[in-house]
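Pasting a structure below so you can have a look.
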Amino acid sequence: MLRFEAALARAHARAGLMTSEVAEQIASRCDVSLVNVDAIMRDAESSGTPVIPLVRQLTAQVPPSARDWVHLGATSQDVIDTALVMQMRDGLEVLIAETCGVGDAAATLSERHRASVMPGRTLMQHAVPVTFGLKAARWLSAVTRQRHELERVRRELLVLQFGGAAGTLAALGTHGRAVAGYLAEELELPLPDLPWHAERDRPAGVVAALGILAGTMAKVATDLVLLAQTEVGEVAEGAARGKGASSAMPHKRNPVDAMQALVAARLAIGMVPVVLGAMAQEHERAAGSWQAEWQAIPEAFRQSARATHHVRLALETLEVNTERMRENLSLDGARLMAESVVTALRPSLGALEAKRVVGELSAGAARSGQGLGDAARADARVSAVLDQAALEAALDPARSLGGNDEMIDAALRAWRDARGTPP
Amino acid sequence: MLRFEAALARAHARAGLMTSEVAEQIASRCDVSLVNVDAIMRDAESSGTPVIPLVRQLTAQVPPSARDWVHLGATSQDVIDTALVMQMRDGLEVLIAETCGVGDAAATLSERHRASVMPGRTLMQHAVPVTFGLKAARWLSAVTRQRHELERVRRELLVLQFGGAAGTLAALGTHGRAVAGYLAEELELPLPDLPWHAERDRPAGVVAALGILAGTMAKVATDLVLLAQTEVGEVAEGAARGKGASSAMPHKRNPVDAMQALVAARLAIGMVPVVLGAMAQEHERAAGSWQAEWQAIPEAFRQSARATHHVRLALETLEVNTERMRENLSLDGARLMAESVVTALRPSLGALEAKRVVGELSAGAARSGQGLGDAARADARVSAVLDQAALEAALDPARSLGGNDEMIDAALRAWRDARGTPP
Amino acid sequence: MLRFEAALARAHARAGLMTSEVAEQIASRCDVSLVNVDAIMRDAESSGTPVIPLVRQLTAQVPPSARDWVHLGATSQDVIDTALVMQMRDGLEVLIAETCGVGDAAATLSERHRASVMPGRTLMQHAVPVTFGLKAARWLSAVTRQRHELERVRRELLVLQFGGAAGTLAALGTHGRAVAGYLAEELELPLPDLPWHAERDRPAGVVAALGILAGTMAKVATDLVLLAQTEVGEVAEGAARGKGASSAMPHKRNPVDAMQALVAARLAIGMVPVVLGAMAQEHERAAGSWQAEWQAIPEAFRQSARATHHVRLALETLEVNTERMRENLSLDGARLMAESVVTALRPSLGALEAKRVVGELSAGAARSGQGLGDAARADARVSAVLDQAALEAALDPARSLGGNDEMIDAALRAWRDARGTPP
Amino acid sequence: MLRFEAALARAHARAGLMTSEVAEQIASRCDVSLVNVDAIMRDAESSGTPVIPLVRQLTAQVPPSARDWVHLGATSQDVIDTALVMQMRDGLEVLIAETCGVGDAAATLSERHRASVMPGRTLMQHAVPVTFGLKAARWLSAVTRQRHELERVRRELLVLQFGGAAGTLAALGTHGRAVAGYLAEELELPLPDLPWHAERDRPAGVVAALGILAGTMAKVATDLVLLAQTEVGEVAEGAARGKGASSAMPHKRNPVDAMQALVAARLAIGMVPVVLGAMAQEHERAAGSWQAEWQAIPEAFRQSARATHHVRLALETLEVNTERMRENLSLDGARLMAESVVTALRPSLGALEAKRVVGELSAGAARSGQGLGDAARADARVSAVLDQAALEAALDPARSLGGNDEMIDAALRAWRDARGTPP
């Protein structure tokens, strides 16, 4: 807010409304160390805005001859909204950096584990084989989109707020647009066509983007928590002193980073309807909905950053247990190879018959405890049309991966493009 | 969903996996009039997806020789997501058209009322004068941004879903990418690098945009409801037979379109956290969060369209009472001219002293019931520095409008650019 | 709504404001088969309420001599709110019945599996042993509370709405309270002290209770989905024709009922902030927030009923695999017995030393692949203070269940009390 | 949390598991001044819970001989949940006191203004007359219900959490229930039948009640903001130094307390779906949904208390302008008396004809600018059936108030009953 007041004084000087000397007298007192923040917060309670006590303190700080020029032509909301925009600009930088870290870590995992075969799971059941590299590539693909989106948000949605009491800049007479232009330059913010005191689609757009980023992080964290289950054991968060310990159970190592990300994502997403629901603002400036942004938007930043940060930590230190992945492929009689066997039988039997045969084998295998592989090897209908090599190929998860490699490559390429430099 | 199945058959044919004859046998049966929708809905309850009974019915419809080729390589979610994408494409077209209507109506009001002076209101109190044209220009500016945003969403977020059982397209062996490419062409949808079964940032982005559109409509509707209050009376929704009547009170004319928009906006925004909260989807395809989109996304479209539609109706038929606007300017002793008088006195008295003097006049005027104008005219401190003409100018709302005209022009220009053609 | 109009006529007759004959002429036409619902829905669009066209149709149906007496003294919102209350009363009955079914099924599982030992899991990691009976008892305990809560809601929050145009019942002169009393009797609804057109804590309380019921169902469904994972395999939803099948994978059996419950819970909970956020209603009757309840409240009922229904189906047909539970206890070297061994060592070694020793054994067991049991049996520090029988007891999950049985009994007892009759 | 640890030690002593001396050695160190809170917060980041570092610090504080007995049998969640329950108990006390203040202020306004006639407004339009006393009585009625609800919540939903690692209290062998009983006594909390680590209906119920309280406050604040509009001017918040001032406009007096309440209500209600959405907790203790309560629940308390506090301040200092109310009754040609005139004409003309006649008069009055009164006085159809006195009575708002007085009395009576003592 003090940066706004300093820039406003300089903008007035550039527009010829005050001298540079006065402007610098004001600007030089726009120093947070000269401000009594506690007093501002106390007075803000009754005035409904921190700007009134802030301007009062600032006015008292500047030389008497400059006092008339403090805050000239601005309204509280100009100060608060522009300060918010500058904070959002800083916040997006942090988020983009963290998101970059998540992307780099996902890219590394994707490349390293492009051949680490594991069960693909749908509705929490084994489906068909995938690789851990592909899973990381899917995360990476979503992160790449988020990175582009955060940059778009930063580029398009962060603009100066400057309209005066009711958006006409009337107190500046015919100089309003000129002062606004200089003010935007001083703060390195785009100048919008019109003030936007009560049209909140821009901050709503920022918060929605943060919510979607948080939701993306929650997806990754959900996968990590599920893969770290004792029964699955395919990943573990890197151990560090005390990390993930339990107060009652000495053997535990909890997926704490993923958990933190899930917590934060819930809280970040919780702010989205608060901000969108507050868009119905009254007239030229609102009574109570605008002010809800003051807490909701910073909280959305804090929690989406927390989610991203912890996903980054989790991925950077992730321990991947490829042996366990292989073991899990054989669970449930390796029935996740069913589609692959159907595919192999299809040219000879036709799809429907192939599906029927494999369905029977699969059900039989489930009843007997025998694996699908052995059931298929022993089945006359199968051996009539598939030789042993072809059957074994169909039963091999590593040879049933479809477009795994080209998808991973595509995700890595898109990330490198987004990143500008190789990860 | 049937269009997906038809296009899939043709894509297979183009990739050389089946003959064109078979493809056309399938495609020709992809006709909703051949389907028993009730039976599908009933079976979907237990199978958890409508695709299984749909494919079963479709298979029964095609000639026996083609049955093996129905739905080949696709999973339920490929069908449902792509169908959803196509519905969202249609839905966005409707929304863009309605938004266009809102923009045209706001542009007309903005142009027509650029000199209709009225009280600007902040925190529900008179602040300084504005024009109704500027108010409409502010709405228009937000609508212009929404139009661009809807077009961006349509261009960037609607892509084919095609990954097979767990995203590898394994059932198509090495042909997956080729079939996907032809399928995308058949459906005129962009082909993404990777499937996105469990990475839902795209649909979440669509729904967030709808929520923000709805919030923008709620802002306009809020203004309309407030301006239509009996005590304000500056606008009224156009009368039509029965519109806005009351079952108990013969004299009432309620702002029904604005009210419908407010209702719809609440319901649309309510879907945003449902969809964002459902982004934490498990593994390759989720159990229960994906499926929540099936109701939440169509509802977000319905309600955001309803909000936009009713705002359009309200604006297109709006009755604007400029006489009442003028009368309202004199309410409360015309104290909303206080800032203007301060501005006039500032060069002589300095800002702080000018503010102090006008503050006193204003408080005195409030106590005595006298207007601010008369109080100022009778005040020696004022007459010492302002001649009568200057004071009357300062007291004239129509001459205290700052950048009103250039802001209106800027909003109209931006709308015409967005619109492509003059409104 | 027609029941309201009929009861209103009879209430007027009982208060002496019209004859019984006229009242019955009206009441006899309050028959939904005489109404053109499509026309009402069409007109409701422009009048903003379905009551105006409904009253018009009803008036046209009654004999001319009775027409003056239709809808006398009531306002649209009286009709709609009271009709909503009656629907909520019916809806709560359905919900209570479904909840009862869930409770009975959970009670049966709890009783049957009080000795079915399985891993207790915290943060998705094995913690210490529990029984499936205890898990079901915890569900049951929550369901018992929900049942009490639904009954409280039905008893306390469902009351007549009757206030006339702005809550004073002025059109009935001095007869308002008497008519209201008879109307309440006719509809078997409690009569509140005051109308509540714009004070919505009662409907908000109903919807919050539905959201919490849905959240409780989501907890049960989450457990079911997790326990049904291929790697866990401790429960499966009962198979039925087509249930849980996959369009691509013949071997799958998806937890469809639990999934449906999760979907429905998300949608039900999504309505809670919509209704609570709409509580800020203007003046005597609101413009847009009240009307949002019309869709949000029925949807909250539908989705919470859907969640409860599917949890009931899932529990009633649940297949419990106790063998798999036993096997899972030995996963990860049975390290979930660590706390139990600490407890056994504590009297001799003290808690801290016992924890340190078991921590070492547990870490060693993890490194070597050896189980915690063998590591403990081979450790001199352990054998120095525990004889073999005591150690084996400490390593036996079935003997490390603490208050398992008394907790199960307590939950069953509370359910039987809530139920009135033995389940 | 330290109170929990102290009470736990004493409960162990009472159950005979440790000596009173050891218990008091532990309890005497459970002193927040001995704890390094910063270190706890830092370590909590990696361990995922503040309990582990807290117990470590506490253990280091107690004499060596007592160290083995610290935190015995408890798990982190037992400590955190019980501490949360105790905080909620304190928080509810604050809320009940503030709510009491709101009720007292509303009761005073209701009594004082039982004859202060003003326009009743529906859909933001004048409807029929009410009194400000009745409006305050409606607020009071809602506040009375909230007070009862907060007391119910305090009585029913706040119970001890104590289950050990996975809810069986296994570490305490057969002593679990006894220790739990003593612990509950020490902390003066009810002892539930079962632990509730992952069944969160109780905290969800608390938060829902806070959301509904906040929504109730938002209703009152909405009315205040609307009544304080410059064009309405029926109420104003009491002036205090700086309260409600504007940084740009010296004449303004903004309704700051009502605005603060609206802000706070939005934020409080925003926490409800976060907590309800987090009810789907995994297994015996959850990974990420439980932990979201740590921020969401305190925030719900803070914001609902802020909303209640500011509504109390607003009502306690409210300036009511009964003159302005009277003036507003004549706005729009006093057409809000239409229903009253219909009622007067009904016995002679019948309801439909009376409505038609008054509808015509009302429309004519609107066109001509003449008031409804004069139009009625000049109308032959009216004078044919109503003498002058009867017509004037029908046109007098103060004689068209229906059950105004008995409703106010009922609300006051219910409040006095809830309050225990006269307000």
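Per-chain residue numbering starts at 1, and chain names A, B, C and D are given in the order in which the chains are listed.
Here is the rule we go by: contacts are C-beta pairs under 8 Å (C-beta built on N, C-alpha and C of every residue); 3 or more make two chains touch, one makes a residue touch a chain.
This structure is a prediction, so every number in the text was calculated from the model and none was measured.
Asker: Which neighbours do chain A and chain D have in common?
Answerer: Touches both chain A and chain D: B, C.
Asker: I want to compare two interfaces, C-D and A-C. Which one has more contacting C-beta pairs?
Answerer: When the contacts at C-D and A-C are counted, C-D has more.
Asker: For chain A versus chain C, what separation do you get between their C-alpha means, in angstrom?
Answerer: Spacing between the chain centres: roughly 32 Å.
Asker: Rounded to a whole Å, what is the gap between the Cα centroids of chain C and chain D?
Answerer: 24
Asker: Which residues of chain C are in contact with two or more other chains?
Answerer: Residues 48, 75, 121-124, 127-128, 164-165, 171, 221, 225-226, 246, 248-249, 254-255, 259, 262, 266, 270, 273, 277, 287, 339, 342 of chain C touch two or more partner chains.
Asker: Looking at the complex, which residues from chain C come into contact with chain B?
Answerer: 43, 45-49, 51-53, 55, 71, 74-76, 79, 164-165, 171, 221, 225, 240-249, 254-256, 258-263, 266-267, 270-271, 273-274, 277-278, 287-289, 291-292, 294-296
Asker: Quick one: which bits of chain A touch chain C in the complex? Just the residue numbers, please.
Answerer: 119, 121-128, 225-226, 228-233, 246, 248-255, 259, 273, 277, 328, 331-332, 335-336, 338-339, 342, 355, 358-359, 362-363, 366, 372
Asker: Help me check something: in the complex, which residues belonging to chain C touch chain D?
Answerer: 48, 59, 67-70, 72, 75, 120-124, 127-130, 134-135, 137-139, 141-142, 145-146, 149, 164-173, 176-177, 192-202, 204-205, 208-209, 211-212, 214-216, 218-219, 221-223, 226, 262, 265-266, 269-270, 272-273, 276-277, 279-287, 339-340, 342-343, 346, 350-353, 400-404, 406-407, 410-411, 414
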